[in-house]
Amino acid sequence: MGTAPIALQYGFFYFFAGLAILCAILMVCGRNVVHSAIFLIGSLLATAGIYLQLTAEFLFIVQVILYVGGIMVLFVFVIMLVNLDVASRQRQFNKQVWLAVLLTIVLGGELGLMTHVDGSIFNSVNAPQALPANTNEVATALFQTYMLPFEIASIMLLVAMVGAVLMAKRRGA
Amino acid sequence: MVNSLPTAQGLLPFFLAYIWLIPMFPLAGAFLMLLFGRVVRKAVVSAVCVGSVAISFFFACGAFLQLIARPADERVAQVILFEWVPAGVYHLQSGALGRFVADWGFLLDPLSAVMILVVTGVGLLIHIYSTGYMAHEGGYYRFFGYLNLFMFSMLMLVLANNLLLLFVGWEGVGTCSYLLIGFYFHRKSASDAGKKAFIVNRIGDAGFLLGIFLTSAVLGTIRFTEILPALTVSNLPVGAPVLTAIALLFFVGATGKSAQIPLYVWLPDAMEGPTPVSALIHAATMVTAGVYMVTRTNAIFQHAPFAMEVVAGVGAATALFAATIGVLQNDIKKVLAYSTVSQLGYMFLACGVGAFSAGIFHLMTHAFFKGLLFLGAGSVIHAMSGEQDMRKMGGLAKKIPITYWTMLIATLAIAGIFPFAGFLSKDLILGKVYEHGLLLWLVGYFTAGMTAFYMFRLIVLTFHGQSRVEHDVEHHIHESPKSMTIPLIILAGLSIFGGWVGWPEILRGSNHFVHFLAPMITSVQEARVPASEAAQAHLGEVELMLLSEGLVFLGILFAWFLYLKRVDLPEKIKAHTGGLYKLVYNKYYVDEIYDAMFVNRTKDLATSLGSFDNAVINGMGVDGAGWLTRYISTLSMWWDTWIVDGSVRLASRLIWLVSQVARMFQTGLVQSYMLVIVIGVVGFLSYYFWVLRHLHS
Amino acid sequence: MPYLLPVFYGIVIVLVLPLLAGYIVLLERKVMADMQARLGPMRVGPHGLLQPIADALKLLIKEGIIPAQADRWIFLAAPLVSVTMALLAYAALPFGPVFQIADLDIGLLFILAISSLGVYGIVLGGWASNSHFSLLGAMRSAAQLVSYETAAGLALVSALLLGGSLSMKSLVEAQDQAGAWFIFFAPCGFFIYLVASIAETNRAPFDLPEAESELVAGYMTEYSGFRWSLYFLAEYANMIVVAGIATTLFLGGWLRPLASFHGHILGTPIEILDIFPVIVFLGIGGYCFWRAPRQPVQIQKLVMVLFGGLFLVLAMVMFGSLFVPAAMPGIHGAFWFIAKVLVYLYAFLWFRFTFPRYRFDQLMKLGWQFLIPLALTNVLGVGVAQVLRQQLGWNAFAAFGLTLLATMGVAAWLITLGDRRDRLAAAAPAGGD
Amino acid sequence: MIPVTHYIFLSLALLTIGVIGVLTRRNVIVILMSIELILNAVNINLVAFSRMFGQVHGQVFAIFIITDAAAEAAVGLGIIIALFRNRETVLADEMDILKW
């Protein structure tokens, strides 16, 4: 996909980007938790598309399998477990909503400004060079350069799993 | 305890090494009495007190023997326990470097040896006597506690090796005399007399203290052993005004303590105290402290001829003056008191003419016979159950023979009948005085006659003639118990033989006593005695003895005639010479004059000062200050309430408000915390951009 | 042109797949009838050969009911999601050397990812229909899928280790070069994937999400008509997908059995074994013509003849392709591939009719306490075997036999462990989940 | 090629939306999902940079972040389940025990 013509690239990008942002907004604003989850899934899938457009196929797959196929399934599962109709009928936003929105928008604006301060790295390297299909490189980097972090991450996952099990267990079971 | 000794030899013999213990025994006794005496029986009290004094007397005798066992030029033992007032080094007027150091040191030399013997010996006897005399009195333990305390102070005074420590003892005996004069404090006259003694002594003590200061300033030392070297080092000429001043100041102190004109007035009133007290303190020991002190510092006196003259003059005047008063007194103890004053005058006369050893000799003998007289008087009063007026006595010789005989011996001694102790000492003095000058000799001579007269007047009125005793006391007149008579007998013996240690060469004797004391006396005086007079003095001496003997016998006869044969004559004389009689009888109104001159002026001054005090100090000063303080405090209270507390409350209120605001942040809601985080990030970024803008502009 | 062929393939698959699914259903019923000593559908068409079409028509014209309390949009979207994901998976399935839409170099992962998305169709549908049966079914299937995806993935990893690639095509080629299918190298992996794939497709004996006796029809309770058929289609499509995966990874994909044997007919470049498909089709066609006169109804006779003609045409194609080297591997590959898939599916049906249904906790136990550890061990063993073979130059069968024995031992140990745990749980007072 | 700032702005938008969700929503599950969104935005950045520099390290980091996301989701959901069990609520502003 990295070799597609530039117009197609822009088309892909803006389509997925718009989809991601739209789904994100809907996710945040949605009243129903399940809808939020679905929109989040949509956003994640759009992001996966962005990855694909960035010729990061492996990451695309990981995103889909882990995020969409694993984590979000967990989310949906839990949502159904603790499903409360009352929750969807209650007020969805807490009291500090307007202040928070304002502040966050200011924050986003400032962060955006960061990319335009002269001398910042984004202006220096402006033309990304094409990265070939790179699953092998990723694997090499993951299992050789980042061996120790990988192991640590796996141990962390194990700990998280055990912790989750313990917390979810009913008392006395 | 036997530490660095200025004397040449090394380790001292036992008793000399432990002379510092001599005062300590009575001190211990005093402590025991004043702390626990209330709860123990009289037997224990007397045992402890008399025992302590006996032990110190034993130590004194040991020290004395070990002292005279040494060669004459080494008869000095100094024990310094520790440094009391540390040394201060400073420049004297003479430019030399003075080193003032007052240490807790004890000095035993012939002079102090004689003194401790007298003090402890007579003190022991009087203690024994007191056990009998005070047997029926209240405050038994208190009395003996004071008595022991006095013994301690007196011994400190005598054994001190420097002026300051001597002054400690000096004040100590003063205090004890005050306490003991006012022993019957329920009697106002007694407490007044105590106060009088104390106050009058203050005057003298002030002089003495100034003298001590001046000494340390001029000579740079107050150690007796160093005074003479200091004098020779600071080459002050004989008769230098400074030395004269020092000597005079010392003499002021001496007049205070030893009841000389003009400060003698306290001694007669001191007779309010118990008779043993009068005997011990106001006849034998304390009142002689002045003489001792003058002798102790004779080096200075010898360098101040004028002061010597003053001493001699005052001594002579006092002797005559007191004798004249004594002639007409009716109270037996008053007579003895005035005779004491006059005898002290004798001693000062001797000192004044430079015959210090004679003065000390007379001091010793006087201690014997005057103590005996007082004790006898006490015995008489005891027998008369408290009666002191001689006009209510008479014919007691048969009833209390021991008292009579002992007192007679003492009277003969004081009158100076050969070969009693008084004869030797008094004639030694008179001889010296004759060598010095005729006028003083005449005064002393006449005084001797008067002494004989009034003493025999006392004897006759008390023991002879028909009894004038009131009826109710008549039947239980009785001889005193053994504990009182034995000391009398012992003292009588001493009054006879005690003076023989100073048997003059002229009578084929060798004046041991004077030779013994000789090293104490600095011989600046010899220059002032021309050799020719010294040569003819020997001839004059025997004549003088005979003359005085004659006068004495005349006086005795006069008294016998006047008060035993022609009893009506005194009234006639009184009638004829009314003014003079009245004057003398009222002691020349000295007390009244003093009252008018000093006491009332002092009182007026005190009243005016008091009114000033009330008006100005109290009124304006103290009350004003109080008033001011009150208003300031009201002001500050307002300040405190509204400003200080107000600020505190304001602070707390502010903190409360701030915390109200701060509480809103601590909602416990995660999201609000995260909002705060976002705020922080935004602020940080804004600051970053601000800095960046300033960086680029 | 480069985009034309994949599009064509896609259209073909989308058109053929429902028909295929329908006939798989027919096959299933027939097999079931056979196992139960019955005839099965016989009325619609000869031997019920038209039954699938009839069912399809019936389902299309049935009324679709939407529950009032349902979450409408999700209710409508869920089956579409299922089907979409099921069909998307075909994009990477190599039916033949050329018959493949897109040869992604991560094809296998792509397929896994897509099939893992299929669960949303079920879960959301179950939730959206706002019924307890549906919800329970959905949750069961969600849990089941998540659990068994792990095991299946780990089982596939062993094949990946052997093939050394993620692209389906190169995996098949690897087996071609290796000269033996990977099932012979890693039988444990194949077995694990078999079980896991059954669970993933909610087939019996793991069909708890739609267990009739417990929840009426699980997540499909509230569905009806076309949408219900969509779910149905999705399920069978998924079956074909997992079968295709298994075929590709373990059963040599489109390779002909004994691919290394190249015996030629004398004087011709035609290999003997390539004749086999022609013979098969000819046999079927002949059987059809032979059975045609014995049909009770006229129309049935006609249909039977048509089927016979169809198979004859297929036989002709097979035979003709033998002389066209360009087309021959593709067509024959497709034949073999579908044949293997059908065999795999036959195993599905077989299991379905022979095994009783599992309890949910047993399902979870099996997945988490037996399959996943065993899969891990298997991966380890295969890796070790690879090292032994490539680094130390062992004989392949020695290395893999050794690791196979080790893995078996672990499996036995796990089984005994599970038994002891069960006994302890039975002994202990029942408590907890 | 598409300049990297595009991706940055995309991730910025996602981040902003996610932060808003985290800050404003009451439902804990939605908050968790917003966090996932934020992580996702980070991943976009990383991948974009890895593309920009022609290296795969960014992708590796993205993988690690996804791992963390998985762990975080597991623990967070476990917490939510326990919480729901104990307090019958999933609203964040009803859980202010932190105050005491």
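Think of it as A, B, C and D in the order they're written, each chain with its own count starting at 1.
Quick note on the criterion: contacts are C-beta pairs under 8 Å (C-beta built on N, C-alpha and C of every residue); 3 or more make two chains touch, one makes a residue touch a chain.
None of the values given here were measured: they were computed from a predicted structure.
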Fewest hops from chain B to chain C - one hop per pair of touching chains: 2
Central subunit by CA centre of mass proxy: D
Rounded Å distance, chain A centre to chain D centre (Cα mean): 7
Mean-CA-position distance for chain B and chain A (Å): 112
Whole-Å gap between the CA centroids of chain B and chain D: 106
Averaged-CA centre spacing for the pair chain C and chain A, given as whole angstrom: 32
Shared interface positions of chain D, touching two or more other chains: 19, 23-24, 92-93
Chain A, residues touching no fewer than two other chains: 58, 70, 74, 81, 94, 96, 100, 103-104, 107, 111, 170
Category of the chain touch graph - line, ring, star, complete, other: other
Set of all touching chain pairs, with the criterion as stated earlier: A-B, A-C, A-D, B-D
Contacting residues of chain B [partner chain A, same complex]: 669, 671-672, 675, 678-679, 681-682, 685-686, 689, 692, 696
Sites on chain D touched by chain B in the complex: 19, 22-24, 31, 92-93, 95-100
Sites on chain B touched by chain D in the complex: 666-671, 674-675, 678
Chain C-facing residues of chain A, complex: 32, 34-35, 38, 41, 57-58, 61, 64-65, 68-70, 73-74, 76-77, 80-81, 83, 133, 135, 169-170, 172-173
Residues of chain D touching chain A in the complex: 1-10, 12-21, 23-27, 29-30, 32-34, 36-37, 40, 43-44, 47-48, 50-54, 56-57, 59-60, 62-64, 66-75, 77-82, 84-85, 90-93
